[in-house]
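Below is the structure I would like to discuss, written out as structure tokens.
Chains: A, B, C, D and E, in written order; residue numbering restarts at 1 for each.
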């Protein structure tokens, strides 16, 4: 959770102390050529814009406020847009401005245990992307730009924007696949060796799924808004492609829901497995205890020290010739009777 | 879960290694005639289109990329449509294009434990269907085409499309019937012989029901879209028929919901049955143990070795003439008292 | 669950083997007269239509396919409408056709444990109703028609249709009343003598309530559609009456929801009652066992056979003059101490 | 639950046998004067209408059918409106008619354990209210009418209608306050002395809350309809006041929801408190039993009667000089060892 | 819960006895200057309005009815608006009037355990805010006004209103952060030392979260209404800023939802931890008891006093040379057998 102090002036950049310094990577391309450079100064972007039809300005790291402000000035960004580009906790959204669209998407990082914001600004000739940390899910898109024959070279910045959104959304698939594998492993654990930590392992997965759902869900509205209300910046053909991204987002939601159902079932199964084991333990105790308690009583009875010599009523059995075997027989009969009773009630199988 | 690597170029066909080779089956028919052939080359379809008013091109198997691309070129399909035809994990949907509709439906396979995509492309004169595996739910429709007197012969490809959708949706009925029978069997199991695996059997059914609901649910929107927005490809009379398919989809959703309710009840009943049995076991233990524990104490008491000769206070009872019978009487009284107490509390019935 | 085989030709009548033969009852009336007859032949309906402003054709039994097809031809029904009239598992709905409305409603049968479809076709001069089994909830409406002074005689077939829908919807009230009484009885059972079958009795009621909700719910949409979009067949004054039926449907939904809440509470109360009883049993066991176990130990201690003559250290207590009373006093003190401890922890009250 | 027999003619007044006889109270007022009378005959209302701008006709008791029908005739009510005025189980609603609005509201009675219908008919010059039982929440409004300086005297019947709706809705606040106090008391009971009836006490409150929610919820739609679609009978200024009633209804819903959450928490806390107490009891049993069971065994061991004289292997300990102290020491060591084990596992604190 | 008696005249100020006396703070500013004063008399506000473009009238304390009524007259407020300003239990809302907007927002107080209403009235030249208690979340905004270079000085009262709403909404972030920390602490408590109060601590947090959600939720609609329907009082540029506040409100809802999920998981984990511990305790009891009960029986057996001299059948073992070692060996074998059985069933690890 990152937020400015309540009442702070709008447009204040809330930069973390441990942020990496900002660096600017430029991909400029067109049907006829391609250039890829890391520039020092935001002003250099201009020269690329003159020479190439499409310029992708990729800013990585939020540590250098001056660079960010320069970029903002270069693209004519509203102070709130600049603030949002830096604030990593935005949900996916589109905001239309007179000469650009401001788009926020989120990509999964650290195997899906968290997500990182991708702030985008789409103009007619350029796409600005701002990311907090180096490393993203766009390397394959970069390779496609580098390829002279790629379709991407012949299209505008809206197609580039689509390609990045497509890569961002699709990058949740491998994350969900990994979670699915952990669920299968947990399923086995629940049936075979449930322990105290099992439930909290399931809860960890549930929490990750909820976080992923929260991250993906607004993408649907965002893509919808891009498809419907953004014809100034997104051309008709690209809308067809965006529909595909939308379908993928819906499929991801379905997957997340399925996995949430599985995890709910896991908890319910865990409860039933644990309570079954408990019952089994109790049953064994019942049987052993209730078989021996009466036997012990009989043994205790004949352990009493009443004096047979004081009266013929005092435990004459002790002096009988077959007293001991008779008592053993009585005990055996008691065991047999109890076991038969338990068997009849279905407790022995 | 099947997906392309994030960032892959749109239109890439994600063909599994174990896919069957693609084969093309053509059903061409009209009021005056009918022909049924397996063709090698996508180009041959043209000749059928010239001779018959309606041509159904049924592609089975996704293994041969060249065949699929030929078909795509023949029908003028968008690269994303071709990708979707191959990707078996689409939800039911309709996508309008200038000269065709792209439709996705799903049929149940393996007794409903999974579903398979049916990709369709509906033009004014032809219907293309793409399926991953041989074997489908359309054999009865094929028979109706073969019959010279069938209404289907006199109608266009939209009616054929309706007939296939109708067969696909209706094929969930027998699947649900089988699940219903399993639920009835599980209901008996829960009441008569619940075990540790019972709950996970119920969860298996719940998961299948959820998967079926997920598969059927989007069909409603898809059919709705066909009825409302597709008058270019679907004529008025066919809309009346589609309304019937829509009603069946809604009935299926009702059935699935009923069964989910039954399965929830099953889990709740299971819990109550198991906990009742547990309580019964505990009650028996309580009664046997609490009856014998005091008796054993009395027996133990008179088993003590205090020396009666040392003092008249030392266990004089042992020397009494009726000491033993008296103790037995006391024990019998204790048993009677405890049983009366338990009876009064309602633990014995 | 009743369905045709997937892929069957639309319009196929799926008639059960055990269906009763179809019989046609005609109620023809107007302000000036009234006639009631059972006719053999669908063609006879014509003569009634000429002589009376309103004709109610009530078909009971689905067994005679030829009769049904004749009726269908007489009313000019679409093949799908005829199929739906025979298929008893439709939800309540309205479907507009050029010269008639097709309406489905459901009435409760067998005390609400099931519902039966009433298929209706409303034209400008007649109302066709199709029911599967003899016996319905319309007898009071028939009596109102027979009465020369009834308002119903002065109105068109739309008012007759309203009267039947009103009777069908209202017939759920006594059904819910009976369920309410069963719930009250179950409430007592849960508090006083809960057993293993109690929960499944509650589940039975819940399932009936859900089935009733599923049956009633679509009536709201159906009546709404009749009120809003059917001015061709339903006149303004009748709409006011339909609004009343709509209100009743909403009240029924409220009742069902209340009863579902009560039944949920019942299960939760049952769980708590059962677990409370269990705890009470355990508490008694705890108290009896923990009081006697230490006593028995002391008794056992002095039952040991160490030879006092071998050494003065060997159980000299056995030879003491007040050894036995002292041990008894110690035991009494132990009992008092334990009971005081239990009392202080609140386990004895 | 009150309902007419299914199929009954619409407009039949379903009057209970135990209904109080109907009496008609008239409040007639204007800026210049005020009169308050109980009239015998519905026809007398006319004279008031001529003399005062606003006439409030308050009918209490539903027992006299003739009076009700007279009133209905006087106000020109539809037969269904008259039926609804008598049927006490309507939800809050507005129904527009040509020359009046029919409004239903509900006030809490018997401290909120039930609600009573207030049927209203608003014309341009009069307001008719029908209540089943004497005693309502309108006394303060009556006092405001009696006051010569009240604003209410200067306004039309729509403002009177607003005042009554406001009083009816606000009268749920003290009811909820009382329920809130019962919840606080139950909260203490759950923590300090939970018993078998606690859960059913919570359920009683939940049921009352649900009933109140069901009563209030439709008021929102009703007031909304009054504000939006009823400009013929409700003037602009009164709409501002109705917005206030709407806000109160929404606040009531919020309150009910909060209390439902509290009651859910109570049940969950109860379960956890009860299960904790149970566990504590079990722990004490475990500790006492497992400490004494091994001791008793040792005592039992040396209570065996093997004959030391028969062989030097037969319990030579019994003859040792320090046998008894040694056994006592062994027992003390066992107790210490077990207690240390339990302490280490955290069962003693 | 604060409410007027049902039926009270609208516009009655429901002032609590313990309310602080009202004091009026004026912030008047423009690009060229700034003045900050506490005034005694509502009439003095006029002089500020003449001299400055923007006047913020901040009334703190609801105790002085005359002051409040003066302010109301000064701003031309509707009697219901004045009533709402005093009634601290309003939800966030906007109500449009001819010459002002009435806005209600809520700020967290007492670390988020409660919220306080901020009543606002926005005119073209002034903003009136009414708060119940001294101390609010606006100090940073006041500082920004005091700063001669602040943007806020150059903007109208709508921007001031935005700044206050922004501060009010953002002030929930630190509150949620604190709750998040308590949740982390509770998570550890649940795993390490769960006790009877743990669940009620979680419920306390849940209740606070629900209260915060109830407070924030209506802000979204309120801000939306400000953005869409209030162009008379809110200019285009300010709408962009309000969109930012809206996004923050949505983020807060997401946070609250996440935390509610965590708290639900906590309760479920708690239940599973407690039941696991219970099971562990039971297992130890089972093992110790079932190991010793049979041993005790054997010892009791040979404690019987049958007279070996009376017959060779009477416990001849007692006289055997190796009787005692043999019995010890039998006991050891029983222990080994039972432990092996338990080990095999997995109860010992």
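The rule is short, and it goes like this: contacts are C-beta pairs under 8 Å (C-beta built on N, C-alpha and C of every residue); 3 or more make two chains touch, one makes a residue touch a chain.
Not measured: the values here are computed from a predicted model.
These two copies of the sequence, subunit A and subunit D, are related by a rotation of 145 degrees on CA atoms, to the nearest 5. By the residue-number overlap criterion, the interface of subunit D with subunit E counts as different, with under half of its numbers used by both chains.
Centre-to-centre separation of subunit A and subunit C, using mean CA positions: 40 Å.
As a whole-number value, the distance joining the C-alpha centres of subunit A and subunit B reads 25 Å. Of all residues in subunit D, those that touch two or more other chains are 275, 282, 285, 289, 293, 296, 300, 303-305, 315. Around the closed ring of chain contacts, the path that opens at subunit D and continues to subunit E reads D, E, A, B, C.
Taken together, the subunit B residues at the contact with subunit C in this complex read 137-141, 144, 150-152, 163, 166-171, 173-174, 176-177, 180, 191, 240-241, 243-244, 247-248, 250-251, 254-255, 257-258, 261-262, 265, 268-269, 272-273, 275-276, 279, 282-283, 285-286, 289-290, 293-294, 296-297, 300-301, 303-307, 310-311, 313-315, 347. Touching subunit D in their complex are the following residues of subunit E: 1, 3-10, 78, 80, 83-84, 89-91, 93, 95, 195-196, 199-200, 203, 206-207, 210-211, 214, 267, 270-271, 274-275, 277-278, 281-282, 284-285, 288-289, 292-293, 295-296, 299-300, 302-305, 308, 315, 317-325, 327.
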